[in-house]
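Two complexes, one shared chain (chain A), two partners (chain B, chain C).
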Partner chain A sequence: MNLVDAGLYGVLVGGAVAVAAAVVLRGRARNVIAGLSVMAVGAFAAATGLAALAGMVGTGLVIPVSLPLVGGLDPLVLAPDRLGGFFLLLAGLVIATSALFGIGYAHGAAASRTGWTGFAVFAVGVALVPTAADALSFLLAWELMAIGSTVLLLADHAERQAVRAATMWYAVMTHLSFLLLVAGFGVLIAAAGGTSWSRMVTIAEPVASVAFVLLIAGFATKAGLVPMHVWLPRAHPEAPSHASAAMSAAMVKMGLYGILLVTLRLLPTGPSWWAVVLVALGAISALYGILQASVQSDLKRLLAYSTTENVGLITTAIGIGLLLHQSGQQAAAEVAFIAALLLALSHAVFKTTLFLGAGAVLHATGERDLDQLGGLAARMPVTALTFGVGALGAAALPVTSGFVAEWVLLQALIHTDAKADRLLAVVMPLTMGVVALTIGLGLLTFVKAAGIGFLARPRSEAAARATEVGFTMRAALVAAAGLTIGLGLIPGPLAQLLAGAVGATGIATSGLTGIQLGGLGTVILDPLVLTGLTAAMLAGIVIVNGIAARRHPRREVDLPWGCGGERTSPRMEYNATSYSEPLARVFGASLNTRRSVEIEHPEDAPLLVSGMVFNQETVDLVEDRVYVPAARLAQRLGDLARTVQNGSIHRYIGFSFAALLLVLVLVTR
Partner chain B sequence: MNQHLFAQLIATITGVLLLTAILQIWGRSLVRSIGLLSVQGAALAALVLTVGLNAGEPQVWLVTGIVLLMKSVVLPAAMLRSAKLIGETRERPTTINPAVELIGAAGLTLIAYIVGVPLAGPDPDPARQALPVGFSLVLLGFWLLMIRRSAITQLVGFLVLDNGIATVSFLASGGLPLTVELGSSLDVLLVVLILGVLVVRMQRQQGHTDITELKELHD
Partner chain C sequence: MIAAIVVTLVHLAFALAITPVLIGVMRTVRARLEGRVGGGVLQPWRDVIKLFAKEPLRAPGSSAVLIWAPLLLMASSLVLCALIPLVSTLSLPGAPGELFVVVSVLLLGTVALAMLGLESGTAFGGMGSSRHMMFTALVEPTVLLSIYALSLPAGTSTLTAIVRARRDDLSTLLNPVSILAIVALIVVVVAETGRLPVDNPSTHLELTMVHEAMILESGGRDLGWLEFGSWLRLTALLGLTVNLAVPWAIASDASATALLIGAAAAALKLVVAAALMAAVEVFIAKLRLFRVPELLAGSFVLAFLSVSASYLVF
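Up next, the complex of A and B:
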């Protein structure tokens, strides 16, 4: 038994201990012991993942199965390969951090027996999905993950109505995903004659395309790609924040792992339209997600839409990689795949930071509406700093992992020889435009999230009374933010490991820490050196500034816009809605924004204004135009069925009776 | 066993089974209905005994005992108890004319015959020849479910249906294995006990057990 096998046992045992602790213990002890056990699950998963990513191969856990009617099946095998190892590492890091946060954060329903049990089951499920080496154990782990997260989400249903609606959406979409996967894997299993991944690599065309469509639809639903993203902006805000972090950063990635599994491992020789489908899905999701995020004022809803955006970017990178691979530009294709994996890990760490930060804000103020926040930087310095780091990552700015990942993606796009292929000549420039627009809007969005939320003066009583959160929550925030910066400064070693996972050859560590994309000429990024140089240059400016400040001490300046008075109030500040108003105007058609202004007049003077109410809401276009009509159609069909099914028992018996007579007559005819 | 005697016995017993079912449809008294059910159960036990002895099955006495106990004693007793608890003795008046009910029953018996004869196969033995009786019991049980309103008679109909299934299986297979018979008997017992409780609760809540009044659908 080597490290990989031992780690897998560790994950299972940790999960069992967590469930036992959640059931047996109560109060504070439950939070601590169950939380630490789930942390252990995460730690074991991360260690196992790292070992597998580095190329260690274990025998894995092999569970022989046989069903009475089907006969001997391939055994259930849990043995991660290098790609699975990467996603296991990612999931492990996220789970460990969010469990640490949960120890201090979980209260009410999230700290209940159900809440912690759901979290533990969910954590084990997420960790097992990338270790599966056959379709059956993959689906089992997948369903474990789905059930755990649904229970976790539903924990607070008694208190808040919105939780029930959100869970309903989530449960429906997650089951849709599961059904599509069962159908897709069913097609593959029937064609391959077994459930093991290793049997499925030789599947020929029409069957492969059918399986591709079914599986990609299923995985896209879990990953939250448009138009199957509707559960994300509902489920993430309503879940407890450590669960939102784990769901958004780890579970959604399993959908991406599935897409990579299908396109790289199971069906590696697909036609080029597969790649175009992926690029289109990804590009639409990226744009739509960031547009929606840019106008949201609910912090967690904003983060949920940003998840759709990032997943879209990653899917685009995968699609570009496939497209380049098919046109024979191997070096650029490998860079694109590396970019996809870097984006995935980068999103995992910064989105964990952001969701945990949002959780800390929610914990301290009870608010997640940006229009009610503000002024938290002074009151919650650690949260503000770490959230800022996460926002830098989400905006893809330097010293964070987001910058490195998007830099690598852009290198793949720039270094493509688009003239070689007509398809590439069309797809590449469009993708470049989408990625550039997405990055720009992302910057605006996260300036809003961090700036409106944490700077300026508090916009509500709750924000004014906020205090810094407890030690475990701060520790989790610092850990997640530290990972974001660490990956941003020292990306080289990780990139080299990832190169092994996708079978790339040209990627190497440059110097100690940088990335060298060898296949594209000498393209090198060394953030540590760059940061050092920048810091050295900035140091000069800071010194000059300091000297100047000492020479001219600070003067009190009266506010120039107070109209001579001092009547400034937080209501005069820019808030989230006003900040994003230009965006809502420019992209109004695709955002489906509804706004209303009501003006109140005094009774005796209809020309004077005594008050104004401004209301703006953004209804998800896809939900409004696709899902609501579909639900209405189902409702109408259900009403039709009611004329047949009127509640009379005699009528029901009559139906069975008639059916029986019909069958008897037909059989003996 | 003498084949002539065997044929006579089968004919008599299946005759009793069919007659009791028809009388169920004719009558309106709940107590008599349950009594008829007990007679039908006894006839079924006799059928098991006859078929089993003819086939020379070793466990025939045990199976006969179980069937007699369940179908003729335990189930009717349980139903009688429910009926006493709710204090109903007569079927509630229906909208269907009794003559129509009987004509319907006759029609169903004909259908059962038409359907059952081909299933018996070419040149059947006396047991297989009687298969249509089993089918007609199933159909008549269904018919009872259709035309009756009281919850107790619904139970009666269900049990007639079950007796029909048992009859078909005994006649077609020449005796059931012990475990299968045991399993299905316990199943039916459980259903009757649960429904007995439900019937009493219906009576308590609504003052009657008319199932046509149970029309409201709930989520």
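Up next, the complex of A and C:
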């Protein structure tokens, strides 16, 4: 038994202890012990993942199964390979951080017996998915993850009606995903004659393409790619914040793990249209996600849409990698795959920071509507700073993990030799344009989220009364933000480890901590040198500034300029809605923005204005044009069925008689 | 290594020295063409020195962003000047002037400015910040695609290497790919530095202002840093564009003569480009806010054509 196996047992034992603690203990003790046990699950998962990523192979947990009448069942095996190890590491980090946050944050229904049990089951499920080495244990772990998260999501259903609707969307979409996966794996199992991954390596066309479509559709639903993203902006805002963080940062990644599992391990020799499908799916999701995110004013909904954007970018990177691989440009392809993995880890850490930050704001103010926030930087400095770091990561600015990841992706794009390949000559510039626009809009989105939420003056009483959150929550925020910065400052060793996970050569550590993409010439990024350069400049500036400040100190005035007059009411500040108004106008057609202006007149003077009401709402285009008509169609079909099932006993006796006749006819034939 | 550090210091000194002059030249050209005398070429220097001798104000309840955003903008502009090949094509070994790094450093400054606009807590600040970020978002695809196009013949995305390759191979200069990309880049420079027709730099207190709206609440040395930082961005971006378009006489080693020639050439190129820019600005009016995206979309199309052309035609 080596480290990998021990870690797997640790995950299972930790989960069991957490469930026991959630059931037996009560009050504060439940939060602390169950929270710590889930943290242990995360820590074991991360350690196991790191060991597996570094190339350590265990015997794994092998559970022989046999079912009556079903032959060809391979035993259930939990043994992570290097790729699985990476996703296990990612999930472990996220779970540990969000469980730590949950200790202080969970209250009400989220701190109940059911709430913590749900979280523990969910954590174990997420950790087991990437360890599965066969289809059956994969699906079991997948379902464990789905059940745990659904229970968690339902936590506040008694207080808010929206929670029930969100859970319904989530449950339907997650089971759609499960059904598609069962069908997809069913096809593979039938063709391979067994459930183990190792048997499914020689699948021929057209079976492979059928399985590809089914599996990718299933994984895309879990990952939240357009058009299957509709559950994200509903489920993430309504879940308790530590659960939103774990769902958005870890669970959604399992969909991406699935996509990588299919394209790299199970069906590695697909035709080029597979890659184009992935690039298109990813690019559309990235653009649509960030556009929607940029106009949201609900902080957690904004973050949920940004998850769709990031998952889209990662899928694009995977698609680009496959495309380059098929055209024989191995070095650039490997860089694209590394970019996908870096993007995934970077999204995991910064999105954890952001969701936990949003949770802290929600905890302190009871508000997640940006239009009601503001002025929190002075009241919650730790939350503001960590949220700022997360926002920098999401906007892919230095020196965060997000910047490094997007840099690697852009390097893969720019070092493509597309002269010989017409397909690449079209796909590469388009992808570059999409990625660039996504980065630009992401910048706007996160300047808005951080600036409107934390700067200027509070826009509501609740925001004005906010105070900093407790120790465990701050600790979790600092840990997540620290990871975001750390991975941005020292990306080299991680990239080198990841290179092993996708079998890449040529990616090395440059200097102490930088990344060197050897296959593409000598392309180097050394964030420490850049940071040093910036720090040197900043030091000079601060010294000059200090000298000036000694001569002319800053003065605090009660009556600042306020544009020449007294400071106006905080309601006059730009809020989140007005911030994105120009953008909503530019992209009006694809955003489905509806606005209405109602003008009230005094009774006796129809030309005067006594009041105005402005209303603007953005309805998800896909939901409006695809899901609502589909639901309506189902409703209509149901209505048709009702004419058959009208409750009349005579008719049912008639049906029975007809059925009997039919059976007789069939039997006597 | 030492040569690279010397070159970096030369870049910084050059940028700091030439920037106020450049702004002064632009203002003087504009004034003369409009029939005014103008404040003279050195007026921007005097402005900055005056601002540093004044006390800045702060509102109660304002956060550290108020103090740090101007410093960060200035730092980002200085790093930009250090990374971009202005006088010489030598670069620091661990920090080559890599395209995406340069763009992200530029964006850091943009974000600092936008956050400052929001921190001011007035409608004007938010308005400027919102518009500025919209332009930035829409200009981003053009930036990346146009330099992508220029990087293809050189086979690298390091700006210093691109400039060097263009200087050594004349055929990459005068072909449609390069010209389309340069035109697209000029639109980028105009949009990023807030010049006409995107934003009017000499406006103050009008509803359509963008850059001025964000810095409206700043005063004293805060405003000094903001002004100087923004001007430095103009120098850096304009310097990059002229060196890409006309890459001759740029130094490729750290010898004193080469650097002197490089600095003189860069100064000449920059002054001519700035004077041209100012002269053109006299004849055009500011675009309506919602016409600007059309201009940016147009520049995106140029950049896109440039990349496709370099793949499919040349």
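In this section, the second predicted complex is superposed on the first by the 646 of 669 C-alpha atoms of A that agree within 3 Å, B and C clash if a C-alpha of one lies under 4 Å from a C-alpha of the other, contacts with A are read in each partner's own complex, and residues count from 1 in each chain.
Note that a residue touches a chain if its C-beta (ideal position, glycine included) is under 8 Å from a C-beta of that chain, and two chains touch if they have at least 3 such contacts.
Note that this is a predicted model, so its numbers are computed, not measured.
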Q.
According to the stated criteria, A:378 is in contact with first (chain B), second (chain C), both, or neither; which is it?
A. second
Q: Check the residue A:599 against both partner chains and state whether it touches chain B (first), chain C (second), both, or neither.
A: neither
Q: Mind working out whether A:533 is in touch with chain B, chain C, both or neither, as first, second, both or neither?
A: second
**Q.** Which partner reaches more residues of chain A (counting touched residues only), chain B or chain C
**A.** C
Q | chain B versus chain C as contact partner of A:201, first or second or both or neither | A | neither
Q | Touched partner set for A:628, first chain B, second chain C, both or neither | A | neither
Q.
With both complexes overlaid on chain A, does A:665 touch chain B (first), chain C (second), both or neither?
A. first
Q) Considering each complex separately, which residues of chain A are in contact with chain B in the first and with chain C in the second? A) none
**Q.** Residues on chain C engaged by chain A in the complex (per definition of touch)
**A.** 52-65, 67, 71-72, 74-76, 78-79, 82, 92, 94-96, 98-101, 104-105, 107-108, 110-111, 114-115, 118-127, 129-131, 133-134, 136-141, 143-145, 148, 151, 155-157, 216-217, 219-221, 225, 289-290, 293, 300, 304, 307-308, 311-312
Q. Okay, in this complex, where on chain A does chain C touch?
A. 294, 375, 377-378, 384, 395-398, 403, 406-407, 410-411, 413-415, 418-419, 422, 424-426, 428-429, 432-433, 435-437, 439-441, 443-444, 447-448, 450-452, 454-457, 510-511, 514, 521, 523-526, 528-530, 533-534, 537-538, 540-542, 545, 548-549, 551-558, 560-563, 567-568, 570, 572-575, 578-583, 585-586
Q | Complex contact set, residues of chain B against chain A | A | 111, 114-115, 118-119, 135, 138-139, 142-143, 145-146, 211-212, 214-217
Q: In the complex, go through chain A and note every residue touching chain B.
A: 642, 645-650, 653-654, 656-657, 660-661, 664-665, 667-668
